[in-house]
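Presented below are the structures under discussion, each in the form of structure tokens.
In the two assemblies presented below, chain A is common to both, partnered first by chain B and then by chain C.
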Partner chain A sequence: MQRRILFIVSHAPRRGALAAEFLDELLIAAAFEQKVSVLFVGDGAYQLVAGDDPAAGTARGYRALPTYDVEDVFVERAALKPRGLTAARFVVAARPVARSRVRRLIAAQHVVVPD
Partner chain B sequence: MAALHLIASSPDAGAALQNCLGAAAPGDAILLIGNGVYRAATASFGRIAKRSVVTRWYALAVDVAQRGIGSELNTVVAIDDATFVDLVTSHQPIVSWS
Partner chain C sequence: MNISIAVHGDAADSESPSLALRFARAAVAKGHRIHRVFFYHAGVGLANALVVQPQGETDVAAQWAAFAEEHDIELAVCVAAALRRGVLSNDDAERYERSGPNVRSPFRIVGLGQWVDAVVESDRVVTFTA
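Our next item is the complex of A and B:
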């Protein structure tokens, strides 16, 4: 049975193994053909930006989402401006969404996984 | 079906409540568990809860009692473990915020 699983990223990057393992969990779910969506909220939006070392952090991993057929990638719009972030800097195409869209997204899931 | 949001971290542990409130819908419920129950005893909690679209706030009674903050709770309904289970089976999805 294909299940709708939403992964919510709410922490800033550089959490060591935690951030990397969350990404692994997400990609494994996608590889097993679950209907995976990803939502970045609050400080989690920082994970969408790569630093000067492209091999470090999880931004590089999130770049692989389209390869795993994960197309539903969202970022809470309210998270962007206070953090000086713009979608143009993101490593993967994350759609800025309003809170109303976030609510509908969560309501549509079978499972929600926090980071 | 409405969502059940779980918050298990204390007020200074991060933005769990803020992120939760940004994503919760009017019919949803929020349950404070573990150190999350301390949030209901903070000075700003009443105002935060009142401003939120969520009207159903719960705290796990056993966690409240263990921390000795029962008399400082308002706005939230203290529930026992059986009610916790009822909430889990009557909501989907269950969303944990950390």
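Our next item is the complex of A and C:
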């Protein structure tokens, strides 16, 4: 049975292997044909931006989401402005959503996986 | 209800394994079934047989092992996360030419696909982050 799984990224990159392992988990779920969505909140939004060092961070990995048929990618709108982030800099198309929408998004899932 | 649990923190630095154990005990006491416990990220440290607890401190890994044996619950440890943190099965110790295996029974080293399987097979999946 296909499950709706929402992965919530709330931490900045550069936490050792944690961000990469989280991405692995997400991609495995997608590869096993689960209905995967991703939501970036707070400092997690930094993971949508490729830094100076391409080997660091997970932005390059998130670029692969469409290849895995992961199209439901969201970013909390309130996370953007305080961090000077704009959707134009993101490595993958992420739809800005309001807090109120986040609640509904979570309610629609079978499983929510926090990072 | 069929429940799977993800443990993301190690006992040395996090409440994650002890909180998860309390949750699991409560769930079993209420008549639910624990389908699988999946140890990921630093949580794989629970499976490290070489860890020595100071006297008088709670050995959460031993408690998990005893609980799992009593209720026949699978303790699954992600292989990629375990290799990175030095928790090796027999096969891994041979393959990577290390001095020996150090995974504690009844923890079992598995692939990340087993986590997806747990998600598919369970009514609920509860994650205890670090």
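Everything below uses one rule, namely that the second predicted complex is superposed on the first by the 115 of 115 C-alpha atoms of A that agree within 3 Å, B and C clash if a C-alpha of one lies under 4 Å from a C-alpha of the other, contacts with A are read in each partner's own complex, and residues count from 1 in each chain.
The rule we apply is simple: contacts are C-beta pairs under 8 Å (C-beta built on N, C-alpha and C of every residue); 3 or more make two chains touch, one makes a residue touch a chain.
Everything quoted here is computed from the prediction, not taken from an experiment.
Superposition model on chain A: chain B and chain C are shown accommodated side by side without a clash.
With both structures placed on the common chain, the touch criterion links A:Val111 to chain B and to chain C.
With both structures placed on the common chain, the touch criterion links A:Ala19 to neither chain B nor chain C.
Judged by the touch definition given at the top, the superposed model places A:Phe32 against chain C, while chain B stays out of reach. Angle at chain A between chain B and chain C, computed from CA centres in the superposed arrangement: 60 degrees, to the nearest 10.
By the touch criterion defined above, A:Leu6 reaches chain B but does not reach chain C.
After overlaying the two complexes on the shared chain, residue contacts for A:Glu76 are found with chain B alone; chain C is out of touch.
Once both structures are fitted on chain A, no C-alpha atom of chain B lies closer than 5 Å to one of chain C.
Comparing the two interfaces of chain A, the one with chain B and the one with chain C have residues 110-112, 114-115 in common.
Considering their complex, residues 6, 40-41, 78, 80-81, 84, 112-113, 115-116, 119-120, 124-125, 127, 129 of chain C touch chain A.
Interface residues of chain B facing chain A in the complex, by the touch rule stated above, are 1-3, 14-16, 18-19, 22-25, 92-98.
Those residues of chain A whose C-beta lies close enough to touch chain C in the complex are 1, 3, 5, 17-18, 21, 24-25, 28-29, 32, 34, 110-115.
Of all residues in chain A, only 6, 8, 10-11, 39, 41-43, 76, 78, 99, 102-103, 106-107, 109-112, 114-115 touch chain B in the complex they form.
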